[in-house]
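Note that the chains are named A, B, C and D in the order they appear, and that numbering of residues resets to 1 at the start of each chain.
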Amino acid sequence: METLLKITELTKNFGGFTALSGVNLEVGAGERLGLIGPNGSGKTTLINCISGAFNQSQGSIELKGREITGLKAYQRTRLGISRSFQIPRPFSSMTVLENLLVPIAFVGGSDGPKEVEEAMAILQQMGLHLKAHLQSNKLSQVELRKMELARAMAAKPKLLISDEAMAGLAGAEVDEILQILFDLNATGITVIMIEHIMQAVMKFSQRVVCLDTGKIICQGTPSEIVKDPHVQRAYLGD
Amino acid sequence: MAIKLVITDIHASYGSVRALMGVSLNLQSGQTVALLGTNGNGKSTLMKCVMGMVKPSSGSILLEIDGEHFDLTKLSTQEIVNLGVALVPEGRRLFPKLTVQENLLLGAFRPAARAEIATNLEFCYEAFPLLKERQHQLACSMSGGQQQMLAIARALMSSPKLLLIDEPSVGLSPLLVSTTITKIKELKEKYNLTVLMAEQSFHQAMRIADYGYIIVHGEIVFHSNVDELQNNQMIKSFYLGA
Amino acid sequence: MISLDLLFEAVIFGVLLGSFYAAVSLGLSVAFGLLDVPYVAHPALLVLGAYCIYLLGTLGLDPIVSGILLMPVFFILGILIYRIYYETFEKRGSDTDVRGLAFFFGLAFIIEVCLILVFGVDQRTVRASYIGSSLEIGEYRLPYRMLVAFAIAITLTVALTQYFSKTFTGRAIKAVGQDQEALRLMGADPVKIKQLAFGIATAINALAGAMLVIVGPVDPSMDRIYIGRTFCVVVLAGLGSMSGTLVAGLVLGITESVVLMTLGASWAPAVSFGLLLVMLGVRPQGLFGR
Amino acid sequence: MKFWISSLSLLAFFFVLTLLGVNEYFFFAGFVVLQFIVLATAWNILGGYAGYVNFGVPAFLAVGAYSAVVLFKAISAPIVVQILGGGVMAGLLGLGVGLLTLKLRGIFFSIATVAVVFILETCVNNWRYVGGATGLQLTRPEGLWLFSTYTRFLFFMMSLLALIAVATARYVQTSYLGRGLRAVRDSEEAAECSGVPTLKLKLIACTVSGALMGVAGAPMPMYLSFVEPTSIFNLSYAISALGMPIIGGTSHWVGPLIGAIVLATVQQVVTVTISSELNVLVLGVLLIVFVIAAPDGIIGLFKKWKRFSK
């Protein structure tokens, strides 16, 4: 599997507090990677550095061999790094369809009738096409999550970061989102999933990385991870 | 001072945080109950329901203090706090730009606690000597562990009858987690506090709990006294979803 | 080169002027500094206070006395204004930025225009024993009216600092802006605490209004220049620090008075706004911002 | 297309009007109403679409006006050159103010724009060449081209500028720019992660909005044949430019247009019949009423009424 994303010696501190220290990680093209770790372990900081919301203190991030540290978030999105937000951030004054036309227009470069079709296709895939013309602040919780993923898809990503898209959803809704992520990955998109719902992460990921207090404490296949003493200590407490 | 908390068949959801589907739990005087499960499963939602910060869609939360009955779902957070229920919230929620002492004094806002402010403050400084040293320092300039101590001390300043603690170990290194839990154990026994604690760290919780409830996807999947919990193999599967 | 003792006199006058600027900004330091309410109508309330003092002055009342008498009235006015703001904006949690600003900006203009319609545009003053005469120290003449303003400013600042650090509601007011939910967990009702804070912020304007009309004649559209001065002081002070407000007021007062003396009166108005722009650009959290 | 047909025919109608023997006062008042259309439309590009509240409208007006005065005094430039000069200079000021949005949001941005007004006013007060605080008399040329009086010519010129302003706002709203700006207003963070160059868009909006305000200010010295700082650096321009879009409705380019026509006409009537102070009071009261009761303005009410009556 050819490397899509390469992170070397990534460190990020806020004032005195070190959120990430010396993280090294490689993500293959088309891979399904799970990222787990207790609250405050640095997961969100890591993806904020990858997506460009934060600038790391040290270390480098390469996308397909090209260093992207200096680029702003919107430039990284155009290069193919897309993310959904843990707490959905819809463009509330716009309809669901218009929400998707923003990334399509600004990444694709135009938003004519062809693009509207493209957006409708993505909504169809998410099961939201019936609500395309509904004001986005009228959506339910799970629909908002789906729109976040749809909006990330509309930016034609090579790497999709799903940040706790299933937190707080009912069992059936979790499976729905899980199936969507599987389908997206099937089209060749690399997916990094951050979740606390262990069954989902273990079912979805080919490889799981466990973070704790800003460092990667272990990585491996789901079955290896479950048995790993570090993970148990991080999750169950020593 | 007899106190009893009876939660029956609570259904609730709170923004994007886990819905509760028929949760029942009860707590006797002087008892310490642990609410266990990885986060995002409804532990904090339940704590918020008890504190009146989230209104459950159905079910009841009855608090009995010295024979008097209160239905907490009908009361505002302020009224519940005035009854003597204190919460150490998830993420501590200190007042960052206020000093340690100002945070502590705010803890004693409720009228009943104002009378005992001197004794409570003296007790907190003795229980957490570090806080006495840094009483004029801003809360935001303290480390995670120190902030956790301050959050617990602030709750104790209201001389609570029932103490709720929501995930004290979040963001703390393993070593700090055990010292925090030891301190809670010490305070609990010394003042026979009734404690309901939500905690991810299973082993830490076992050190101080008398009884435990495992919550997964908003439902209580297992509950028993501590010894039974200790040697039950199913627990690991609930935690790690194996 | 300007002579040294002229500069010294400018600094002394600057201290008196600065303490006055601090006093008129205290209310804003509470409403905007602590509560983050975009209270651009604060200066208009100040001028309204000054005109009420002028009215009571025509009945022969001393400005400071009428200022103190007026405080409870302005306290209730402040609570009323906050109730409207809370019910329309904060409660619905809508994007309060654009509409919240428009609300207070509109309120400021309504007050200004009503004053023009009632009192006309010409300036109004009050008479009091301490206005017009000066204290002679060596060859410096310090006008009593400025000394009175200085005294009121210091007492107001000290009283407020004590209130915020020594009383329960005072501490709650400082806390509500930082974490409203956490304050609820202490057993306080954030809405009542904010309402009380807003009442205090507006009540101060009654006494500060008295100082405004003591220090010099007032006219209805004076509130516009004071938007610059009060916000400059509050931003310079770092949001919500009372003692910082006093120091920031002194910094502004001295700068303005030195500029007044060196470049002349025509450049003075730009000082407060220039300082404000620099502070907003360089250090938005202010000199003492924590 | 419908837009262009109706607006060009309106322009032609205004042109014919200037030829007829209509009372001179109509053109005098008409100029002010058209000027407010330009101002309100320009304000809305930044305030309505991107959500940045600009209180510094008088500063942009003044930069437009005084650039025109300098061009007229230095090289006695014709009015068209004055307007272009005013627009360019005000656009540069807009760019400068736009850089503020890098760090400042909400009330801090608004207060910074108020600061710009007072700082520029102090500078102009001390600038002898343009008349300083006392102001400057300007001799107006006689009638121009086919217009019998200069006021009629200025009236037509301002109607042309109003068309340009509304057309610009319409273009911004319907193009990707408008969509990007609304994304910035709803959630700047999500917009950045959807590929929207948020800073670039904010700078474009500030520059375009500033330039249009400058263009509205440029003809003022000729219109009054006198210019002085206190009248042009007047914050009531800010309350009007802010009030009209909020009353009309900020979500669509028609909003500021309606708000400006309704309110500027009312103001002209009130100023003549009662007093000029009262018209600012009328505006202040209406602004508060609409901000509280009808947040989406007249077009919001119209949409609700249409949905209700269906």
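Here is the rule we go by: contacts are C-beta pairs under 8 Å (C-beta built on N, C-alpha and C of every residue); 3 or more make two chains touch, one makes a residue touch a chain.
Predicted, not measured: the structure shown is a model, and the values here were computed from it.
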item	value
Chains touching both chain C and chain D, listed by label	none
Chain whose Cα centroid lies at the greatest distance from that of chain A	C
Chain occupying the most central position, where position means C-alpha average	C
Between chain B and chain D, centroid-to-centroid distance (C-alpha), Å	57
Intercentroid distance (Cα basis), chain C paired with chain B, Å	43
Chain centre separation in whole Å, for chain C relative to chain A (CA means)	49
Residues of chain D whose C-beta touches two or more other chains	185
Where chain B touches two or more other chains, by residue	none
Overall pattern in which the protein chains touch one another (line/ring/star/complete/other)	ring
Each pair of chains that touches, named by its two labels	A-B, A-D, B-C, C-D
Residue ranges of chain B touching chain C (in the complex, touch as defined)	51, 53, 76-78, 81-82, 86-87, 89, 93-98, 102, 105-107, 109-110, 114, 138, 140, 158
Sites on chain D touched by chain A in the complex	176, 179-180, 182-183, 185-187, 189-198, 251
List of chain A residues in touch with chain B within their complex	17, 38-40, 87-88, 141, 164, 167-168, 170-171, 196-199, 201-202, 213, 226, 231-233, 235-238
Partner chain D, residues of chain C touching it in the complex	32, 38, 40, 84, 88, 94-95, 97-99, 101-103, 105-107, 109-110, 112-114, 116-117, 224-225, 227-228, 231, 235, 266-267, 269-270, 272-274, 276-277, 280-281, 284
In the complex, chain A residues that touch chain D	51-53, 72-74, 77-78, 82-83, 85, 89-94, 98, 101-103, 105-107, 110-111, 151, 154-155
